[in-house]
Amino acid sequence: MRVDGRQNEQLREIRFERGFVKNSLGSALSACGLTEVICTVNIKEGLPSWKRSGSGGWLTAEYRMLPGATHTRSKRESAVGGRSSEIQRLIGRTLRAAVDLDKLGDRTIQIDCDVLNADGGTRCASINGAMLALMVALKKMEEQGHSIEGVIKKPLAAISVGVVGGEVMLDLCYKEDSAADVDMNVIMTASGDFVEVQGTGEEAVFSRAELNALLDAGEKGTSEISAELAKIYPEFFL
Amino acid sequence: MRVDGRQNEQLREIRFERGFVKNSLGSALSACGLTEVICTVNIKEGLPSWKRSGSGGWLTAEYRMLPGATHTRSKRESAVGGRSSEIQRLIGRTLRAAVDLDKLGDRTIQIDCDVLNADGGTRCASINGAMLALMVALKKMEEQGHSIEGVIKKPLAAISVGVVGGEVMLDLCYKEDSAADVDMNVIMTASGDFVEVQGTGEEAVFSRAELNALLDAGEKGTSEISAELAKIYPEFFL
Amino acid sequence: MRVDGRQNEQLREIRFERGFVKNSLGSALSACGLTEVICTVNIKEGLPSWKRSGSGGWLTAEYRMLPGATHTRSKRESAVGGRSSEIQRLIGRTLRAAVDLDKLGDRTIQIDCDVLNADGGTRCASINGAMLALMVALKKMEEQGHSIEGVIKKPLAAISVGVVGGEVMLDLCYKEDSAADVDMNVIMTASGDFVEVQGTGEEAVFSRAELNALLDAGEKGTSEISAELAKIYPEFFL
Amino acid sequence: MRVDGRQNEQLREIRFERGFVKNSLGSALSACGLTEVICTVNIKEGLPSWKRSGSGGWLTAEYRMLPGATHTRSKRESAVGGRSSEIQRLIGRTLRAAVDLDKLGDRTIQIDCDVLNADGGTRCASINGAMLALMVALKKMEEQGHSIEGVIKKPLAAISVGVVGGEVMLDLCYKEDSAADVDMNVIMTASGDFVEVQGTGEEAVFSRAELNALLDAGEKGTSEISAELAKIYPEFFL
Amino acid sequence: MRVDGRQNEQLREIRFERGFVKNSLGSALSACGLTEVICTVNIKEGLPSWKRSGSGGWLTAEYRMLPGATHTRSKRESAVGGRSSEIQRLIGRTLRAAVDLDKLGDRTIQIDCDVLNADGGTRCASINGAMLALMVALKKMEEQGHSIEGVIKKPLAAISVGVVGGEVMLDLCYKEDSAADVDMNVIMTASGDFVEVQGTGEEAVFSRAELNALLDAGEKGTSEISAELAKIYPEFFL
Amino acid sequence: MRVDGRQNEQLREIRFERGFVKNSLGSALSACGLTEVICTVNIKEGLPSWKRSGSGGWLTAEYRMLPGATHTRSKRESAVGGRSSEIQRLIGRTLRAAVDLDKLGDRTIQIDCDVLNADGGTRCASINGAMLALMVALKKMEEQGHSIEGVIKKPLAAISVGVVGGEVMLDLCYKEDSAADVDMNVIMTASGDFVEVQGTGEEAVFSRAELNALLDAGEKGTSEISAELAKIYPEFFL
């Protein structure tokens, strides 16, 4: 049994709260157990300077930890650190796969994921919250009379899996993550295709069989989260 | 009448939520109307390098806006900008006046104020939230068996006042703040002494009479907020 | 009696030297006792990028300490530090209140205040010196055939006051400043209106009565300095 | 057939040159087709400050592009950019999996990978070159009388695979990489276990079947590169 | 006799390798004994923002040490350090003297010198290698149909000289450089004129007679290097 | 005749003002025509971290332009720029040649040169002013009872020379400097030895004969400045 009493392939409680930040176009609090991430989506007219007008829109993401989010306060990053940089690149790349940028016109979607409380799986909670906050933002645009038809082409979800004490586990909390031999993030579309797979064994290695078991668990976890999102906004999952 | 229907000397709704960030020793959400600030307090053993052991503790504060907190998303500051720097210096200076650092021993109190949603008065909401989060942190230390007797020597509260359209108003929202001729922040102890007064008329000036009226309003506002805090933790207001 | 033998409400010797930096359009050495600040004013065509043409001019200020200005050499700031940032924001805000930016056209006034020797009151000496250097610069523009009519709408002056050993004192030197319980900067127009009031008691507090006494002292000090400036350039004080 | 005439599962020419940088303890030029990376390994006494003495050694890596390495000169990074940061974290994490840090004592291995010429696959060429340069460095330590027994516990190799035009291809050159729908890096030990798998479809997705085909290709590629390294230093592959 | 057996006025072995970096327009490895510098030349359309179109081209240079180039690994510079900055300014200034910028049109020549292995004289090896890489780049432009007539107006060469143990020596290696009382860099055109002379005695001084002897040695060294370059590309030395 | 009516080998008026910055141990205003540099010298106990106790003292220098020092205001450097870095390295290197660091004990001399007004020759005026400010500082140490015997081992002076319009000129003002074909700085001891020679022809070249004439002029200029310094403090020139 796991440190918090879950089954190996059981997710922690998933909780989504829409409209968490009133001044942003779209926002959500994305919680997974004790992990909580503030996700905001803003859409501005115009493109980054390296992208010419008429070539479709753009989507970019930033990720940070609030200093109080960790057990021991962590220093505020002045420049974006290696870990945050890697995670925000992942969030941006992933969400761009979910969106049809051509449908966006000369606009830039800006996603911000700020971790309020960290207990493992912050990058996955960020992706799931960003997915939801984007839906909130698009609904608001629709209310304002814009067409948002097809902007989200493949809704997706993310979850962590790992090998802890020789067993494959789904959705690692911080204690499990610290003790894991293999750590993997799986991002899949609601229709069951892979968008990103990142597996690493910092000081351990893993066999093809273990890799397959990890992918199975990831598939189960992402499909459950997609189902949660589909309950909130079924219209994006047709 | 004011843009949101309030009387000139009426506060917006004040709302405090304790334990908002589970991993921090003390935390609070401090809301004043639509303005919401996440305040965390962590206390670590040790002193900054410039302070010698045995000379009392230290208290330091950081302040930032989350990018989505403003109507138009604001860029994340890489280095601390001029405005944030000024505000976090104010928060630190003010809270140090509330605390008896000698009672703290060789410890450093670290305060973080991160604005979740901004609608005017964020620096005052930060100070009030930091005051509360510090009380939460001290209560937790007390539960852990530490003596916290006398650490808070003078609980205090902060509020903005201003001259808008020729009238003195209490607790300006963003729209009022943008239109104000004079803008002032008043920080007072629960017992009615001044800790800090900062009044400025960016392109306007103000008379001694106006200054007096502003101070009167500030006195009223801070005493009401102190009363709110005293309801939560009367033991710090004896 | 005070450390340097002055009366409580007596200024140190004020000294202004015009044309201190030959390559700048306007310049002044502003001295107050042993405190000396090099102030230069340059005016360039054009506006900052965020300000559209035709909406009036702009004025911006920078403040730094020369490394040798303090008793113990202070490190050169690579990025502008918190204290310098706060002071240069104050100088800019204050001088903008003195000037009618609409009369300036699409021009930007750049003020630089570099402390040559520091003995307390450097921010006030900077504001007074910047005021004078601006007058020098405008007179030179006038000689070059430009109209400067009404550019200075409200000449102003700044002075520090404080509570030291229980007594209200005017124009604190460094020793007094270090020992002060309350420290306040008062900036007033020559006609007796307030532009900015900043009072703080880092670890002490102050009563309404003390605040009033401090404001009285500040009023006396600023009116004496305005009188000095009016002797040099009466035409700006009509 | 591929742009350079290779079969889908055929590597480019692999070329290793030992002792490329005379002043470094260990060094290698690692070439894969036109991609060339300068890899140096230096070992210094002592540990990073966060690691206590006696807890085993440490290994850290840096990665950069030389400005002239790309078709159009790329600007020199002042701070480490997001992409470089991600790659150097991968190199460090991977090499730490290959090494038994406990056998190293209080020493830090510093790896530098500087891309001399870039034609796709620079991160994999870096890992392979770092692996070889580390062997060179250890042999030199052995000559100097140190025991290096067991320091390399699992020699490993890295290769890129991808889906281009619907076909799974091994070891993508730059042109193929730019056109790839899915891009994956596979890092495996010489004995056939996985160390890291990173697969991403920036705007595409991939099925479980494609993922399996990519892993098969990666397994073939890494085993061929491990065989090359084993020819040079069979003693590390016993 | 010298530490490596050379005569006082004897150069180390000079070695040039063209086309060292395939993706750059022009490149060379410039070696002088154990000192090796990677030099690349790229030419882009357009001018720096401070230079107006039609006023001739521009040439700029960057210089860095690879971390593994020194006996003890040197930290990668995040910002360009004082020494590197000084050297790259020298390389740029010198190469601009060799080139007729007016013949270049609205183009910018970008030179990068990255030290692969350092054994004294890296700035001179950089200048000589940059000179050669520029010739390679111009020949490639000529092949592409551009006129390069007269772009190189005065080919030049650089060498270090010094006073070591009381004797004037040519082309100091690292050991000699560390022990030198006087250190001088001499840059001369192939036709025997001076472009730059930089002589310094960090803690020693030197007489006019010593200065003359140093200049004689520098003249001999640069003429021998120019002769080497003229063997490779006689057409630039007509 | 020259732009300001001087003879070719005539210095501008040299002016030294001691004690210009009261809070520094030693200070001087060093003026040469319209060029004015504020030089301060402070001496602190202790050595830089890379220098071990007992190995003699250290001396370091910083150089900056005040923003108002140039005809058009120059931006304040956030990081030290290439030109300033080069000049401050020169000042430090030169002054270290003048001083017997072994006589200094475990102390660090800190020199700051801040250009108040720039009209050519600022680096030479800085060196001459730093030389004088150092003497002032040492005299003050002597008054405090320290032995300063032999700390200055070789007083020195610096001057610029150049070729302008085909003629060799001494002590170039800004206008001449801008038009110079060759620009050289000569630093010599009072006893006539060279400490540093830096000659450059940015787009021109110069013959050995011109070089000799420039050195002659530099020798004349530095000996006149040394004579000025010797009038002030003959005891350092015995």
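By written order: A, B, C, D, E and F. Residues from 1 in each chain.
By definition in this document, a residue touches a chain if its C-beta (ideal position, glycine included) is under 8 Å from a C-beta of that chain, and two chains touch if they have at least 3 such contacts.
Since we're looking at a predicted model, the values are computed, not measured.
Novice: State which chains count as neighbours of subunit A and simultaneously of subunit F.
Specialist: none
Novice: Would you kindly count the fewest steps from subunit C to subunit F, each step being a jump to a chain that touches the current one?
Specialist: Counted as steps through touching chains, the separation is 1.
Novice: Centre to centre, using CA atoms, which chain is the farthest one from subunit F?
Specialist: It is A whose centre lies farthest from that of subunit F.
Novice: Cα centroid separation between subunit A and subunit B, in whole Å?
Specialist: For subunit A versus subunit B, the centre distance works out to 33 Å.
Novice: Would you kindly tell me how far, in whole Å, the mean C-alpha position of subunit C lies from that of subunit A?
Specialist: Comparing mean C-alpha positions, subunit C is 51 Å from subunit A.
Novice: Could you grab the centroid distance between subunit B and subunit E? Build each centroid from C-alpha atoms only and quote it in angstrom.
Specialist: Going by mean C-alpha positions, subunit B sits 60 Å from subunit E.
Novice: Which residues does subunit E have that touch at least 2 chains other than itself?
Specialist: 79 - these are the residues of subunit E that touch more than one other chain.
Novice: By the document's touch definition, which label belongs to this structure's chain graph: line, ring, star, complete, or other?
Specialist: Graph shape here is a ring: one loop, exactly two partners per chain.
Novice: Under that contact definition the chains make a ring. Starting at subunit E and heading to subunit F next, list them in order.
Specialist: If we begin at subunit E and move toward subunit F, the chains come in the order E, F, C, B, A, D.
Novice: Give every residue of subunit E touching subunit D within the complex, in rising order.
Specialist: Against subunit D, subunit E makes touches at 20-24, 27, 34, 38, 40, 42, 44, 62, 64, 66-73, 76, 78-79, 110, 112, 114, 116-119.
Novice: Within their complex, state which residues of subunit D touch subunit A.
Specialist: 79-80, 82-83, 85-86, 88-89, 93, 96-97, 154, 184, 189, 193-208, 211, 215
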